[in-house]
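Note that the chains are named A, B, C, D and E in the order they appear, and that numbering of residues resets to 1 at the start of each chain.
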Amino acid sequence: MTFTSAVKAILSNYESDNPGTRANLARILTHGRLGGTGKLIILPVDQGFEHGPARSFAINPDAYDPHYHYQLAIDAGLNAYAAPLGALEAGAGTFAGQIPTILKINSSNSWASGINQAVTGSVEDALRLGCAAIGFTVYPAADDMFDMMEEIREMSAEAKSVGIPTVIWSYPRGGKLTKEGELALDVGAYAAHIAALMGAHIIKVKLPSAHIEQKEAKPMYGDGDWSTQGLRVAHVVKSCFNGRRIVVFSGGASKDIDAVYQDARDIRDGGGNGSIIGRNTFQRPRAEAMAMLDRLVSIYKGEE
Amino acid sequence: MTFTSAVKAILSNYESDNPGTRANLARILTHGRLGGTGKLIILPVDQGFEHGPARSFAINPDAYDPHYHYQLAIDAGLNAYAAPLGALEAGAGTFAGQIPTILKINSSNSWASGINQAVTGSVEDALRLGCAAIGFTVYPAADDMFDMMEEIREMSAEAKSVGIPTVIWSYPRGGKLTKEGELALDVGAYAAHIAALMGAHIIKVKLPSAHIEQKEAKPMYGDGDWSTQGLRVAHVVKSCFNGRRIVVFSGGASKDIDAVYQDARDIRDGGGNGSIIGRNTFQRPRAEAMAMLDRLVSIYKGEE
Amino acid sequence: MTFTSAVKAILSNYESDNPGTRANLARILTHGRLGGTGKLIILPVDQGFEHGPARSFAINPDAYDPHYHYQLAIDAGLNAYAAPLGALEAGAGTFAGQIPTILKINSSNSWASGINQAVTGSVEDALRLGCAAIGFTVYPAADDMFDMMEEIREMSAEAKSVGIPTVIWSYPRGGKLTKEGELALDVGAYAAHIAALMGAHIIKVKLPSAHIEQKEAKPMYGDGDWSTQGLRVAHVVKSCFNGRRIVVFSGGASKDIDAVYQDARDIRDGGGNGSIIGRNTFQRPRAEAMAMLDRLVSIYKGEE
Amino acid sequence: MTFTSAVKAILSNYESDNPGTRANLARILTHGRLGGTGKLIILPVDQGFEHGPARSFAINPDAYDPHYHYQLAIDAGLNAYAAPLGALEAGAGTFAGQIPTILKINSSNSWASGINQAVTGSVEDALRLGCAAIGFTVYPAADDMFDMMEEIREMSAEAKSVGIPTVIWSYPRGGKLTKEGELALDVGAYAAHIAALMGAHIIKVKLPSAHIEQKEAKPMYGDGDWSTQGLRVAHVVKSCFNGRRIVVFSGGASKDIDAVYQDARDIRDGGGNGSIIGRNTFQRPRAEAMAMLDRLVSIYKGEE
Amino acid sequence: MTFTSAVKAILSNYESDNPGTRANLARILTHGRLGGTGKLIILPVDQGFEHGPARSFAINPDAYDPHYHYQLAIDAGLNAYAAPLGALEAGAGTFAGQIPTILKINSSNSWASGINQAVTGSVEDALRLGCAAIGFTVYPAADDMFDMMEEIREMSAEAKSVGIPTVIWSYPRGGKLTKEGELALDVGAYAAHIAALMGAHIIKVKLPSAHIEQKEAKPMYGDGDWSTQGLRVAHVVKSCFNGRRIVVFSGGASKDIDAVYQDARDIRDGGGNGSIIGRNTFQRPRAEAMAMLDRLVSIYKGEE
């Protein structure tokens, strides 16, 4: 039985949501090998939209097939699988009921001239495809951020009314922000906080560096200890309503596997809720990916 | 019994509103330790959106938790608590019925490239969260002011039809306005008047300086006495339909506590309806904030 | 009995309107001391929006109170009172049924960076406040004029369907138009004609000068006699479907009282339907304003 | 009886339209002195909007009155009368049922800064005024052409669903087009073809010159004979689905009366469906206009 | 019987679509001489919109008549005929039920100043005209691509809900893309993948060259063999969900007939689903076009 006190404690933080929305959050929290632990691993596959098919899948050609990702997430016992409309449509029938899915409802691509995304899915799509949540990217700091915020406000409100939670990918980019600033601790915590204030149920941010970007914020961080990733994760979690919202961290470009494991330990130790890990998963051979995910599950279970 | 003649007199000015809207105004006017006096203290917490979490809460880390602000406003006997969507959602279940809430339905942040805000909440949100009012910022003088006015016109009309009053934060900024002009008496009175003409039930402006910004307005102010803050408050109140609308004043950045008290006395003596006071409250330790609010209540009660 | 043949003749020109719309026109035409004459005096008070409260009301401080204007229009026996949303809301309950009101549904202010206005009211507002008409400003020649025209087209259609007539303030400004051209005879007649073609029931323009602005129009005016204001009024009236639409003229900035009377005589003699007169009314002491309006009534009655 | 085989043949080309739309086309095709011939003369009066009242009507002052045009079109036995909203509203009651009317639902004016028009009427207006069709101008080549096309797409679809046909004024202007190109044969045929592809029932274009504007199109026209107006008309008609759509031609600025007659003969001989003739009609004294229209009817009947 | 296992296998890939949508896909897959083979030839005629009537049809004047194309597609036994609104309206009655039609719902023309198209049709149009699908062009890389994607997202969702599949013409153009890049293999595969992710049922792309445009993609293509068109087609097909979506290729400008045949063989050998071939068809005399289409059918049947 995975409806544990850890799950109940998390759900109790969503005190204003209707039972349908909380039930879908519970679907994600109780599914897979981490079901019931309050920890999560989500497989996101939107890199084909962002970078094109060859850059995403040529290294592991089985991954051209949308069924590959469904099956991988199911077999690895992950909590959820997230993808854009077409990719979910291509497997939602076959895998119905086998894993919670998250419909990514906006997407960018390599040719974007502005820092924005196109809305490519809807709450109605999420309902007809049996999804447990919608996902939406905002770019705090971008010139178009207000438009993006208004888009997700509207879609999130519609989703809440029909029992669908919202995952916000909050990725600071653009405007006056420097490249280094995109990963700064103050910026990441601020981006996570904005997502929380916009009413996100699950907040997805990048693991922050120890850099502090904003001059006005420096005094607040001056005498803190931000030297370890775990402490920085803890600050982000605190910035999400003192831990009242689920926060997951993305892994970035594919990298050394030990770094992946260390990230997970830091997320766990800092009180984060888990990983959302795409390229590091499907850009490895399946067996290798399965082994990696198995160890990540162990880490989140506190077994290593 | 807090449904006093002072409250009845104020409500009678809202002669075109339906009973639902007047009842929600009455909820705010009759709640807390100032209930029935016609005076108000409102706790607003949207600085996390505007300046980020660390700049807002690091000085008093308990304030990272949305429940902290609900509890503070309740324990201090304030009239209402105002915050953006996510922050209200995080406590609306726990504190339902304990204090009137105001949903702030638009917000800006530190990266805004234009002088505008994103709409981040709705009248439906206010209804499902049991709010007593919605709050909206307009920036008279900004290039986007017409768009902002049309947004609040539409949302305010919807709110009125379902019995929800509107609070307009009328903050002149942008366009041809100088920095000094943002706090000018003529500008502040004009901004308050615009809010009244747009149909606001409660008007929130900054305490004005004695500066007169607009050349064409100078003759009108030339021979008046604007040397005291109380006289300036009185002019703003007069500009709100000769006192037929509730006007509250914001305190600005946190400052010396005696200045806070003096502001309240001036607001009271000038005929203003009260204070909306955020950073000066939650950026102090709770005990200190409670003591400060206790004295503000006394001031508005005319006890000192 | 004010449902005179003059009123019937005017109403018969609105041959495509439903009975509700014609009844509201009749309310205006039959009300007050000019009721039944086919002549009109309307009190408009939107200068607080346009120029701010002090510039509008400091000279006659009683005018800060929205009730002042309602009472003045009623006591002077005018045909209607026009104001923005908030100002009508502040008195619509008290004065319900005592005077026809016109809801001004768009407004500008001193900080406008473009030549446009914000929509600040709606047909639904007009209905719930018991108004007899809506009022809308268009700026023919302005870069945004097409947007303004499309706004009033939509709102006017909605209004007609629920029996509410439309008053169009047609004020040429912006674009290639010179300052002198704003008051030119050809321009004013053109602006009035555009309002008629857009389906306005009542057309409000400024009294035109003898200047001809448009090169292409000069041959058409070359051998006409435009030396007197009455002749120019007659040309504007002719441009409004040969007199099939009600045309009223605004007085401009407050000025010498004899000039006000002369304007009224010229409007009357040129076949115009009346005056819409704001600052010249409420920027004088009440007794003086009452006396002036009394004489204007006499003039429109042809008594002097 | 005017429901002739010529009319039936034309109607049979509108094979996808509902009976309501075909019935309204039939109303136009069977009305007046050309009723049943498959030929049309339409009186359009929107020059007051485009050029102002004096430039349009001062030469024949009776034309200031909207009833003048209704009566002229009726007395001359024309097929239809087209005008903007206000002008139709001013006569639709008096002349109901006496002549088919076309509501021109967009209009420009002398101050337009861009090459576009404002939408000033609606399908609902057409229905309540008893119109037989709506009319809409598009400017192929203009920077805003896509917006205009999307406007008429939406309104035309609505119109078709309630049995109202669409007349498209397809006037190439703006963008990379030269002044001479606006009347070029290739451009005019292309503009007419676009109108047909957008689903217009009646296509209104200008009589084309023999100039070929587009470099890429020149080879297609190189060895054709385009020396006579009749041949050019025939090419435009062919470009409208090989004659499956009604095409009428406008006359341009008022000109020598013999040129008007010759144009009509060329339209007739080239297989065009008729003339839409405004300024050449109402800018002459009524008797002269009546005589001219009488001869045009004779020409279209093939009597001269 | 054309409801073969090949058809069933294709339909099974559309596992999330409702029966209505799959039935319409089946209509296309089972119609004509290739019915049941899983291969398709579609006749598209939107060149009149894109290039004008003379450039499209003067070479074969019978093609000015919309019936010509219907009849050609029917007589040649093609799977479907695609055209803009007006062209379908002109034949949908006569040819109802004789061939599946695809309503092309957006179109550009020779004067477009931006890289975009106007929406010129709707799902409702498709339903009333009995179409089996809608078609929509997106220009990945164009500055307006997000707007185009959002348009088709909305219309495609509406279409799916009423059982209408979507064909996306995915043509990379604009932005930072070079002219050579428009046909690059990586770019074409990416464009096809984006169409798949947006939820297209049928994807239409151009036959790609061996050029690789994107620097970041080069490593992925470095050691592959892209020397033959068949291999490149196979890569595009793989990029469409590993072959789970129907992909058809366009032929471009009219060209040597042997090149047309070779293209078809390459499409077939690379696993593509067929050709969408316009100018190469209707810009030849009918007999020649019929013979060409006959041979293309043979090629797709694997008979040569």
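Observations
Criterion: a residue touches a chain if its C-beta (ideal position, glycine included) is under 8 Å from a C-beta of that chain, and two chains touch if they have at least 3 such contacts.
Computed from a predicted structure; not experimentally measured.
The pairing of chain C with chain D is characterised as different-residue: of all residue numbers used at this interface, under half are used by both copies.
Centre-to-centre separation of chain A and chain C, using mean CA positions: 58 Å. Chain centres here are Cα means. That of chain D falls 36 Å from that of chain E.
Of all residues in chain E, none touches two or more other chains.
Contacts between chains close into a ring here, every chain touching precisely two others. Taking chain C first and chain D second, the full cyclic order of the chains is C, D, E, A, B.
Only residues 48-49, 51-55, 58-59, 61, 64-66, 84-94, 107, 109-113, 116-122, 124-125, 128-129 of chain B touch chain A when the two sit together in their complex. Within the complex, the chain B residues that touch chain C are 13-17, 140-143, 145-147, 149-150, 153, 157, 161, 172, 175-177, 186, 189-190, 193-194, 196-200, 214, 216-217, 220-221, 235, 238-239, 241-242, 244-245.
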